[in-house]
Amino acid sequence: MSFLEVKDLRIHFPTDDGLVKSVDGLSFSLERGKTLGIVGESGSGKSVTSLGILGLHKGGRARISGEIWLDGEELVGASQEHVRTLRGKKMAMIFQDPLSAMHPFYTVGDQIIEAYRIHNDVSKKVARKHAIDMLGRVGIPQPDRRVDSYPHEFSGGMRQRAMIAMALCCDPELLIADEPTTALDVTVQAQILDLMRDLQRDFNAALIIITHDLGVVAELSDDILVMYGGKCVEYGACEDIFERPEHPYTWGLLGSMPRLDREPTERLMPIKGSPPSLINVPSGCAFHPRCAFEERTGGLSTTQVPELLETEGGHLVRCHLPRERRRAIWENEIKPNLEAS
Amino acid sequence: MHRRRLGVAATGAVLALAVAACGGGSGSSTSSSGGSAAGSESKSEFNAALTQVVNPSDKKGGILKLANPGDWDSLDPADTYYGYSWNFIRLYGRSLLMFKSAVGKEGNQLVPDLAEDLGTPSDDAKTWTYRIKKGIKFEDGTPVTSKDVKYAIERSFDKEVFPDGYTYFNDFLDWPKGYKGPYKTPDINTDSAIETPDDHTIVFHLKQPLSNFDYFAQLPATIPVPKDKDTGAKYKEHVISTGPYKFEKNEIGKGFTLVRNDQWDPATDPNRKALPDGYEVSTNVNADDVDNRILSGDLDVEVTGVGVQSAALGRVLSDPAVKANADNPVSTRLWYTSVNGNVPPLDNIECRRAVQYATDKVALQNAWGGEVAGGQIATSLLPPAIPGHEDFNLYPPGPDNKGDLEKAKQALAACGQPNGFETNIAYRAERPKEKAAAEALQQALGRVGIKLTLKPFPQADYFGTYAGNPGYAKKNKLGLAMNGWQSDWPDGFGFLQQIVDSRVIREAGGSSNISVRDPEVDKLIDQAVRETDTNARNALWTAIDKKVMEDAFILPNVWTKTLLVRSKNATNIFVNDAYGMYDYLGMGVK
Amino acid sequence: MTAPMDVTGGDTHATPEAVVGASGGKAIQGRSLGQIAWMRLKRDKVALTGGLIVVFLILVAVFAPVIVGAFGQDPTQFNSDLIDSSTMAPKTGTGISAEHLFGIEPVNGRDIFSRVVYGARISLLIAFLATLLSAAIGTLLGVTAGYFGGVVDSIISKAMDVFLAFPILVFAMALAGTVPDSAFGLTGDALRVALLVFIIGFFNWPYIGRIVRGQTLSLREREFVDAARSLGARGPYIIFRELLPNLVAPILVYATLLIPTNILFEAALSFLGVGVRPPTPTWGGMLSDAVRFYTIPHFMFFPGMAIFITVLAFNLFGDGLRDALDPKAR
Amino acid sequence: MGTYIIRRLIWAAVMLTIVSIITFAIFFLVPRLAGATPESLASRYVGRTATAEQVKDAAEQLGFNDPLIVQYGRFAKGIVLGADYNYGPSVEHCPAPCFGYSFLTRLPVWPDLLDRLPVTMSLAIGAAVIWLIAGVATGVLSALKPGSVFDRAAMGIALAGVSLPIFFTGIVSLVVFSYGHPFRITAPGGSFTPFSENPAQWAYNLILPWITLAFLYAAGYARLTRAGMLETMNEDYIRTARAKGLSERVVVVKHGLRGALTPIVTIFGLDFGLLLGGAVLTESTYSLPGIGKYAIDAITNQDLPKVMGVTLVAAFFVVLANLIVDLLYAVVDPRVRLG
């Protein structure tokens, strides 16, 4: 069994308007030292998945089913209290917007110290020293002074570094980064990604990066999971996804990714329409209303939900189009456009 | 024991009982002085303390606990003007004369206190001489001399320092011109008013003959004040005692305690038993709570003697066991409505008479608190307990006491206002009973078309600025004004002079008389003041009463009755008619 | 009980991002604020109940003479016959009967029902007018301060500080107690009502003023105001055409919530004896009379409950209105 | 920070001056509008029995004939420098701050106020402790389970709490728990025992007013806390706190409540400041001899020096509370900068 195994995870929220199926039958696995990128638009269920793994939906209104195995332990059925002791210690999370994700009224140091001391029975002094160490490790200059600063006194990049320091302070074996660079300047993004890569190597942790930006995962990930409407639509090794993507949605994502190596005159290829309602999920393939190739399934996609099937070694795709046709469309219609330069 | 007491108080008892009967109470003189060994165990009855000493005892010791729902006006003998305070002041101050500490009518009797005897008048009653006992000392051991008495009266002259007091001495003694009291004019010789030929003689010189000066001599202003201890307005914080008790602690606004004064010599004082070891008085206590605590035995006396509040009334009257421990005396207070002849159309006597006829006396009585806690319906001015009182009713209010509307309409027609008229009625905003009475009048007079508008005024300025200010009253058409008066002492002068003599009316305001302006009445008063024969004098007061009622300048409402509850822990409880409440000098602790 | 638990606001746990965007997006389109508010309000049963009670009370106040006339009891009519002349209590304990639905007052036997009904008039009239005055002054000065800023703003803001520093009740008492009985051509109840409206309204305007000022400050920076300004619109135009329409909702909400405060204020002043003059019935005045007769509890019960229900109804309605107009506001 | 505080203190002084001028002017003008003359004002000081001449003297001596500005100047001077007062046999100096002498008791107002302050403070502090604990706890619990039975019940009670006039609840509480009961929950007023004298008696005398007052205020705080908590518990930093593995209690109290604290602190400061200036209705209902009762008595008796004293003390507390709230802001929320 892998270090992290998610099997048929379903996270549903009952609301006044109906049942919201944020995550609907998701499965994947991840080893220590490896990185998984989860890609999808807003509302595709990727953040819900990450919070689900951390057990943060427990006790709320969410209905969770399926299995999450972390280092041989099942988390979905485990007690809330037990999962809590794992949080921060065994698995940690880096959030999207460090300004709002850090408590504005406590110093950065205090927040790291707090995280450290929950899981380590040490004095405040020791914890403080550790916090300074951690801040130093994530590249914050003069950590012994900055430890007493408040989040609003940091720059965006520094804040994210501090956030990372907080997540890593207890040596987690699983690190989930939810859009870790979205709120940052482009120049800072690269630094943070570099930092995370280095740290992952140092800590030998399993890393899940959640993003809507394929560019981010391209740099870091070993595997990539593309989510749409709460379901996995494509899953595979990094180069599979970039070199031989088979799902029309993945194509769309690749097409809408701005690239420096493209002609400035060339237009992006955005995906039409907007993400699906998770209450009234479109019948059949959830993506069909937005899919440019929908008619090529012969109406199948409007009526039947496609299965997630393996096409070749570890590459899974959820699409009604026959494999050959997908390859053909990619090779003939999509790829040339993307590589038009 | 009871019998002996009753024998002494016989004359007084008759009147007191008659009064009680009028009020509908079950006043009874049958005291069960049966076989029970200890007198204090005798069965209590409603109104028993009006005619006898309840729980008689000579046991010394214990602390008597008193409470005052308001602030004490002042503890300074020169500056206190409340009956309860004069009742209480005898515990720490000795005036020249005093009212006897005795049951009922006997309490109206003047007895010597500092003085060896009652005053000796000159033939024209313009000069009064008193001899002061020897061996009386202040609490610090200094002997009391006539000079201390003289000084005390002199200082009471200064109304800027002592504004609350009375002005009898100011008005009647022959003060030198320009005299402003010992603080402002220390060098003026006042021998023209008061002479002290020796340390034990004091002579008063009056501007005019005064037949009843002895009543002046019982006023607290004659309580000696040592000049070197006088702190003026602050003297009330520590009054130097001459009585059996002195101040231990005094926090103005909260309360004070009295302890025994070891310099008081009982040999000089036949009037005071001084049974308790001390007194604990708290002021500004919630009135309803006071009632409840007295009923539960937590507290002994509500010191102002106004009786139980409305809330406790039902509790006391409906429970026979509680009622048996209560008394319902009539006091010498009259609640009345001034009918201002300066405000048209009330300048017409017929219109004033219409007001008298149209009044619903039952509603008024209810407004004042009913037949038990309110009062007895008054038809004239002089209260029944004051000599000169005569039962007469010039404006019979119909068989049901609710007014004679026919007569009222006739009077209105005679006045030229057949359809009634509009005017205002003033009352003190802080006094719910005055408000209720004003509302009752509004209702009653409305029946004949006299439309009243209620005008509440703050009581602090009621007489000075508003209702008692002739200019203001006229300008603002205050045709009627709620008013009340309690006799300073039980005789016609003490009751009537301040409220019917038109010469006490000041244009600047402040006088209690705000409506009676009749030169004939003034003449009768002068006559009465000079009259040395008691019976003839009392007849004159009766005549004044009748004249004012004929003029219809005053609409009498009720003579106050109060429902007092006896303390469970106190002994020697009895009502002294001079104060219309329990006598605080006699009370002891079980 | 107070706030309808809307989907997003009420969730303590992480909420899927999709819910808001997907389900709400279409519904909101093409509806005015008023329509949305009404839709929300309709769903809020509690607030609706409050609103109905408010309407009922207003009707009671307006038709007080009719209602009281139907029962044949004048609010100032004495019924001395029904009073026990020694205890001053109603002979039957409360005096409650078919004629006197709420019983009678001790001492004079006035009908409590008709006094409570008439009390609604004074209470609501003063509360409404005072609120109107507060809202008018508050809006005027709040908009002025917020729009013009600078010195004007700081003067008005400081004035608000000064007003809020006054011990209002003490001051109101002192003023209401000393004003003469006829002034400004008014006498009697009219003068007292005017005086109370003035005192209550005048001292409460900073509460609305502050909110309006804050809203104006934020509105002033918004694009549509910039747009209007760039098109050459002048101050008054911007204030009346651009700002005020957007301020209506908060003013309405806070004015509604000020009404119950003012009802309590008026009741307190009447209770302390400086309200409308007797015998005109007021709830606070009745309570103050009833205090002396606490052993006759029905006397204090009815006016006390009248105040309570009225204030509660306004609070419920105002809360609902606030949630409906601005679910994010506290 | 230092200059900020100095600036605020200066403004506070200015504000108090303005308040005092307005108060003085109103109490100077209103009685005169109502028809009072310098003499009738002076007659309050010399009593009803004084002669016209005495009244006139007093009016002159008290300076009632002087123009408003002169009289105010004298009053202000008394506060800053103290004043001399004629007691009769001796002239005494009334040290600053001298608010003048009550014409009723002829005692200086300032010591009276100092005397009353402990009562009002005891009332305010005790009630504040109760309402803060009860209100905030209720608000937090309500916010954790919005829409639950507890939440609905608590918010219903809270709304009832703000809708009940305190003079009604006060009397009802006295009738139910105090008057004439063998086991009285509290002394029904008029009695106050200083804490330093007997803490148990102190609390016993005040428990009913505390609870009544707290009930009124707790309601508002519960609603305020609930709203604040609903908002903060949705903040990202709460998710972060949970992700750290903090127990729910720590998350709610240390992170959630801390985040919702700012409005509570603001409102609390202002409420408390207002309360210290006299809980007029509570004190009058329970006959507690505090600043508020003093104010009522002063107004009832038209005792101008007392009214001025009370108004200024009350305004002082409000101004002080404002200042403290603003300073507290910076403590509560490090993002706030004073200046």
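We just call them A, B, C and D in the order they show up, numbering each chain from 1.
Just so we're on the same page, a residue touches a chain if its C-beta (ideal position, glycine included) is under 8 Å from a C-beta of that chain, and two chains touch if they have at least 3 such contacts.
Because the structure is predicted, anything quoted here is derived from the model rather than measured.
Simply put, of B-C and B-D, more C-beta pairs touch at B-D.
Among the remaining chains, A is positioned farthest from chain C, on the basis of C-alpha centroids. Rounded to a whole number, the gap between the C-alpha centres of chain A and chain B is 93 angstrom. For the pair chain B and chain C, the distance between mean C-alpha positions equals 48 Å. A straight line joining the Cα centres of chain B and chain D is 39 Å long.
Centroids built from CA atoms put chain C at 52 Å from chain A.
Contacts with at least two other chains are made by residues 288, 311, 315, 430, 458, 476 of chain B. Counting partner chains per residue, chain D has residues 31, 34-35, 179, 239, 300, 302 touching two or more of them. Listed for chain A are residues 51, 56, 59, each touching two or more other chains.
Interface of chain A with chain D (complex): residues 51, 54, 56, 59, 84-89, 92-93, 95-97, 100-107, 114-115, 118-119, 150, 152, 166.
On the chain B side of its complex with chain D, the touching residues are 71, 155, 158-167, 170, 181-183, 230-234, 252-254, 282, 284-286, 288-289, 292, 295-296, 311, 315, 430, 458-461, 463-465, 468-469, 472, 475-476, 506-512.
The touching residues of chain D, counted against chain A in their complex, run 235-237, 239-248, 255, 258-259, 332-335.
Those residues of chain D that touch chain B in the shared complex are 31, 34-36, 39-40, 43-52, 54-55, 57-58, 61, 86-90, 104-107, 112, 115, 178-180, 182, 187-191, 286-287, 289, 300-303. Only residues 1-3, 5, 8-12, 14-15, 158, 161-162, 164-167, 169-171, 173-175, 177-180, 183, 260, 264, 267-268, 271-272, 284, 287-288, 290-291, 294, 297, 300, 304, 307-308, 311-312, 315-316, 319, 330 of chain C touch chain D when the two sit together in their complex.
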